[in-house]
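Both of the next two complexes hold chain A, though its partner changes from chain B to chain C.
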Partner chain A sequence: MNAESIGWWGVPIGILAGAIRGGTPFLLVSLGECLTEKSGKINLGLEGVLLMGAMTAYAISYKSGSPWVGVMAAGIAGAVLGSIHAFLVSRPKVNDIAAGIAMLLFGTGFAFYLGKPFIQPSAPQLPGISLGGWSHLPQIAAALKISPLFVLGVIIAFIMRWVFRSTRWGMQVRAVGDSPAAARAMGVSVSKTRFICIVAGSAMGGIGGAHLSLFYPGAWTEAISSGQGLMAVALVIFARWNPVQCLWASLLFGGAQAVGPSLQAVGINTGYYLWNASPYVLTLLVMIITCSNKRTLAGAPGALGAGS
Partner chain B sequence: MSQISNAKASTLAPVAPTPPLASAGANWRGSLEAVLIPIGAIIVALLLFGVFCFSQGANAGGVFGAIYKAAFGSWYSFQNTLVRAAPLMLTALCTALPARLGLVMIGNEGALVAGGLAATAAGLAVQAAPPVVVWTVMMLAGMVGGGLWITIVGLLYYKRGVNETISSLLMNYIAIALLNHLVNGPMRDPASLNKPSSYPIPDQKMLPVLWSSNVHYGLIFGIIACVIAWVLMEHTTFGFKIRMIGGNVRAAKMAGLAVSRLGLITCFLGGAAAGIAGMVEVAAVHGRANESLAAGYGYAGILVAFIARHRGLPIILVSTLLGGLLASGGILQRQFKMPDATILVFEGLVFLVVLFSDSLYGKFKIFKEGGA
Partner chain C sequence: MIIPPPSPRPQTPPLLELVNITKRFGSFVANEKISMKLPPGSFHALIGENGAGKSTLVKCIMGFHTAEEGDIVIDGHSRQISSPHDAYQYGIGMVYQHFTLVPAMTVAENLVLSNPAVPAVINWKMEMDRLRTFMKTAPFQVDLDTPTGELAAGQKQKVEILKQLYLETKLLILDEPTSVLTPSEADEALGLIKSKVTAGELSVLLITHKFREVFGFCDEITVLRRGKFAGAGKVKDLTRDDIAAMMMGGQREARTSGKSVRERGPVALELVGLHANKDSGVEAVGGVDLAIQEGEIVGIAGVSGNGQRELVEVIAGQRPATSGEVRVHGEAYRSTRVESFNHKVFLLPEEPLRNACVPQMSVAENIAFRNFDKPPQTRGGCFISRKAIRGAAQELITRFSVKTRSTETPIGDLSGGNVQRAVLARELGPGTARVLIAANPCFGLDFAAVESIHNQITEARNRGVAVLLVSEDLDELLKLADRLLVISHGEFVYETTPAEADIKTIGQHMAGH
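Moving on, here comes the complex of A and B:
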């Protein structure tokens, strides 16, 4: 059965499938960015982390034969890059946005450098979790075959909400992000808390990369990420620094990404390349609507961008 | 994200308030620091890169020798370097000028593409005119295209408080999507099969080379633009106002400066410079608009601007050095079997070390007044 036989239904199903498949990297990276920003720092380098994670996961999965080892390695690679960023931004007078751009270049370069030999071979992929067995339509079954990392992301989102709301450690992170001086007065180490948040956030970004190379699209190429790591920063603002809202926002962005290809699948080629811009336009629109130069956004960590 | 923008003036300490070089005579120790720390950073980055090459089994000395030879070793290779330096000088200004306002603008690639597209469209429209007219029209169109592209980012920032770093980055992707749409659709030359492109600019209307070299007029444009930027920012009232906004937005507002108008003008100028880079790439290198426009000169320009600490004259020097590095990518691939991404790794290393060196200002007693 091909796409034509379900006709126009192919479009919403394609978008639904895209929302889950394409939304997973958004989800993991935005959760990582959310954790980082809650502690009062921005990490624009998650795009580099995402690529490094994708490359590492693919390479290690190929070498070890186990995609799960690949996922773990991607997390470690992300954490290593994150620790460089964390060290850099902990220094006085270092701008965290500029440091993020540097990490973006470095991470991308390193991933491309080390990834050259792995463009050809095919690595073992992560198994999908089928939730669409009830349907006789293969399109629906395929759309609902979801990545285990998506499930992981959903779990992390709810755990993070719980941690921020009801645990001592979550309180400390929020204090560091809102008012480093107050946190210091409480006896919390600002630099240590930030270090942990940035490193853990980058590890999540790396795992998001593993989804790209080990599930969907499911191969390592240099064009595998199209700015998801950077869009995640905007996505976190849209989600108002709330981990569970990051989940909904990620699904929205994943869906937006799939509009062009879904239309093409049912034979509509008009503006195919313009549709490719839809996630970026959507992000921009979201920022225009939610931002204001007159008031502070609800939920924004107070020290974000304050350089302290 | 407004709290970010409000606080920005104070966060950009490494970008804005280094001692102005104009007062070099007054505080020579300070200016010595401003020269020696970046040089030291680049030396450290070279050493780290040497270690990296060594760890990859390549002879570090040999790699450096090959890079030097491919970049500056002969007149022929130096021409290659200069051809690559030209767009870097222009795109670097797209980050450097807004940086003096305290904005971190990374929309260079998008402004280059927008300028290139506008220049192509305008150039094709007047292709029957004499060459000088074609170049002038293309140049103006490129400046307007790139300038408006970054002005949009500035407008979003000043009117809505949208973070300029993220929106300028999104605008890059939007520009590239627009480029793909136009060269695959409305502007497509049916004769371009493998690489969809616009119709070509007629050969005799292309920007000529300088004297009898391979270097085209883009280099002259780049140098002039950097010199103008230097004079404008360091030696005019306009530049003083811009630096004042970058130093402290609230004080500038109190002093009665039209912050958003000055800011938008600066954004336009930065974008216009990157737009000229796009025009040059079309009119002197590719001859048509296609995906080759988005070749990464925009991203490399960010690096140039940060290393040159957002000052016009150092940008000329840093662009030439980085242009040489880009020119040597091919040699590393052929001679040492190192992938072309090696250059990216090197760029990233340099950027990281240069940023780290920002935290060293004021740490060395020897650079302080009366210290030794």
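Moving on, here comes the complex of A and C:
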């Protein structure tokens, strides 16, 4: 069977499959960014972290033979890059946006440099989890073969929501991000809390990279991320700094990425490249819709971009 | 020897005694040998003018500062309080002038998070049950599920007080808690706290300017003046005049400082029915009318927070007027750069580093703000001559003795007094001013600097400048002003001249009655 045999149904199914596959890196990176921004700092370097994670995961999976070791290594690589960013922004008068861009360039360049030898060889991939066994249609079965890292992301999203709501540490993170002065008055260390959040957030970004190289598209190339780490920043704003909404927003972005290829699969080639631009258009739209000089963004951590 | 705080925390209000507390900042003595006693279940007022050392004293009790000399005695034992957490252990808590709430969190979350003993994982059902039980006995009700950022200032202040009660504070220090409340809100809040005090569950130390609160709620009073003990007693034995006399230090004479007698010119600055709001949207300036003639200094006295800041900001163009008009030389004045240049309106705002300077820019650039785009600083209409800017700045720096390493030092690196002098040099240096607005121009300056700024202002007046002088220092106003107005709750409530001024009457109008 091919795409034509289910006709136009191929389009929504393709988009659904794309939403889950393509949405997973968005999900993990945006959760990492969400945690970072909740503590009052921005990490634009997550694009670099994503590439570094993808490269590390692929390389270690290839060398060790175990994709799971690769995932762990990607998390560690992310945490190391995150700790550099965290150290930089904890210094007085360091702007987190500038530091983030520097980390983005550094992470990207370093990943390309170290990743050169791994473009050719093929590394063991992560096994998919089949949720489509009930259907006799192979398209549905393929669409519902999901990444274990997507499941991990979903679990992290709900855990994060719980942590922010119902744990002392999570509430302290919110206090630090919203009103550092109030947090200090409560005896909470602002710099320590931010350090932990940035490092943990970067580890998530690194694991998001592992999904790229070890599941979908499932190879290491330099064009593997195409700006997803940066789009995740817009996505966090779109999700109003709510981890569970990050999940829905990631699916939306992932789905938008899949519109072009799905239409192509049913034979519509018109505007293929235009459709491929839809995630970027979506990012712009999110920015335009959420921009307002009259009202402040509900849910935005108060210290974000305040340089304090 | 450091005695550890008692464990568990006290269940009843402690007996607090301060014995000869002295606190210095460098050579400045903020508190000098101050003693006071707070028996359990008392409502004690600590009053004094701005800068009298009230906040410093309570910060010593809270462990933010450590007194150089003297003892803090709690229940008969001399104790060392070196952090707010120590104060918490003794059952002492404070409500600050600024809010310490996390705006994005709900009232419930703020209350729970403020507890140092909150468990790592919060059982919200249990905590909400505890909060609801607590709210049943709480002196005021606030919706627990509202984010504190959405609350009005008055409600925030209530949450701050509730937070202390929730923490089972037994000695509550309130630092001007009613400055953000309306009079009826203030009465309600203090009345409900008073009932806790009467029941013996709480002691209160209230820092205030307002006589109404002293007589309405307090049992005892301690008065500070310029860092020293100026009197104390039971409120029922004292009159307003007694307390005013303690605060002000007896009768003062109006001094003139080389003011020439001169014919006053036509009206230069006029305020017509001016209204303006605070940041919170509450009305701060409630319809003021004022006309200042050339060669006249009009002083505005008042307790801070009665609309002076907003009034000056409207004239400076930093805040929109909600209605009414500012007129200069008979024309409507909207504080644009062109208008202020044409009418020669100059400004010495308070907090000059924030209101009149760009801290990262150099002293020379800051001094050039008024005229950098005019010749000779600008040639040919668009080319700025840095040399001319530096030269002009150097001349003014010398003339106004601004202490700076060079003309190129960022102005933010200068001491407060020198920033003030640099702004003064910019505004008065060219000698072209026709209208001058000065707000607390001598705040935090040493004696010599004060003298020189006073002379500059008087000289300007003698040249025929119309001067609006807003100050919290009554001495300054009596010395400089030709006419004196008292502002209270955003309105002018009293007018006098320094020659006829009666300190007590002024004090009473300032205190809001």
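What we mean here is this: the second predicted complex is superposed on the first by the 308 of 308 C-alpha atoms of A that agree within 3 Å, B and C clash if a C-alpha of one lies under 4 Å from a C-alpha of the other, contacts with A are read in each partner's own complex, and residues count from 1 in each chain.
Just so we're on the same page, contacts are C-beta pairs under 8 Å (C-beta built on N, C-alpha and C of every residue); 3 or more make two chains touch, one makes a residue touch a chain.
Worth saying up front: this structure is predicted, and the values here are computed from it rather than measured.
J.: Based on the superposed arrangement, let me know which partner A:Lys93 touches: chain B (first), chain C (second), both, or neither?
T.: first
J.: Quick check on the superposed pair: does A:Ser166 touch chain B, chain C, both, or neither? Answer first, second, both or neither.
T.: second
J.: Looking at A:Gly302 after the superposition, I want to know if it touches chain B, chain C, both of them or none. Which is it: first, second, both, neither?
T.: In the superposition, A:Gly302 contacts both chain B and chain C.
J.: Determine, under the contact definition given at the top, whether A:Ala182 touches first (chain B), second (chain C), both, or neither.
T.: Touch status of A:Ala182: second partner only.
J.: A:Leu44 contacts which: chain B (first), chain C (second), both, neither?
T.: So A:Leu44 only meets chain B here.
J.: Which partner reaches more residues of chain A, chain B or chain C?
T.: B
J.: If you stack the two complexes on chain A, which partner ends up touching A:Ala223: first (chain B), second (chain C), both, or neither?
T.: A:Ala223 contacts neither chain B nor chain C.
J.: Determine where on chain A the residues touched by chain B overlap those touched by chain C, and list them.
T.: 302
J.: Report the residues of chain C in contact with chain A in the complex, numbered from low to high.
T.: Touching chain A: residues 84-85, 98-105, 109, 112-114, 116, 118-124, 149 of chain C.
J.: In their shared complex, at which residues does chain A touch chain B?
T.: Those residues of chain A that touch chain B are 44, 84, 88, 91-99, 101-103, 105-110, 112-113, 116, 226-227, 230-231, 233-234, 237, 271-274, 276-277, 280-281, 283-284, 287-288, 291-297, 300, 302, 304-307.
J.: Any idea which chain A residues touch chain C in the complex?
T.: 165-169, 171-172, 174-175, 178-179, 181-183, 185-187, 299, 301-302
J.: Show which residues of chain B lie in contact with chain A when the two form their complex.
T.: 1-5, 7-8, 10-15, 104, 106, 156-163, 165-167, 169-171, 173-174, 177-178, 180-181, 184-185, 299, 302-303, 306, 339, 341-349, 351-352, 355-356, 358-359, 361
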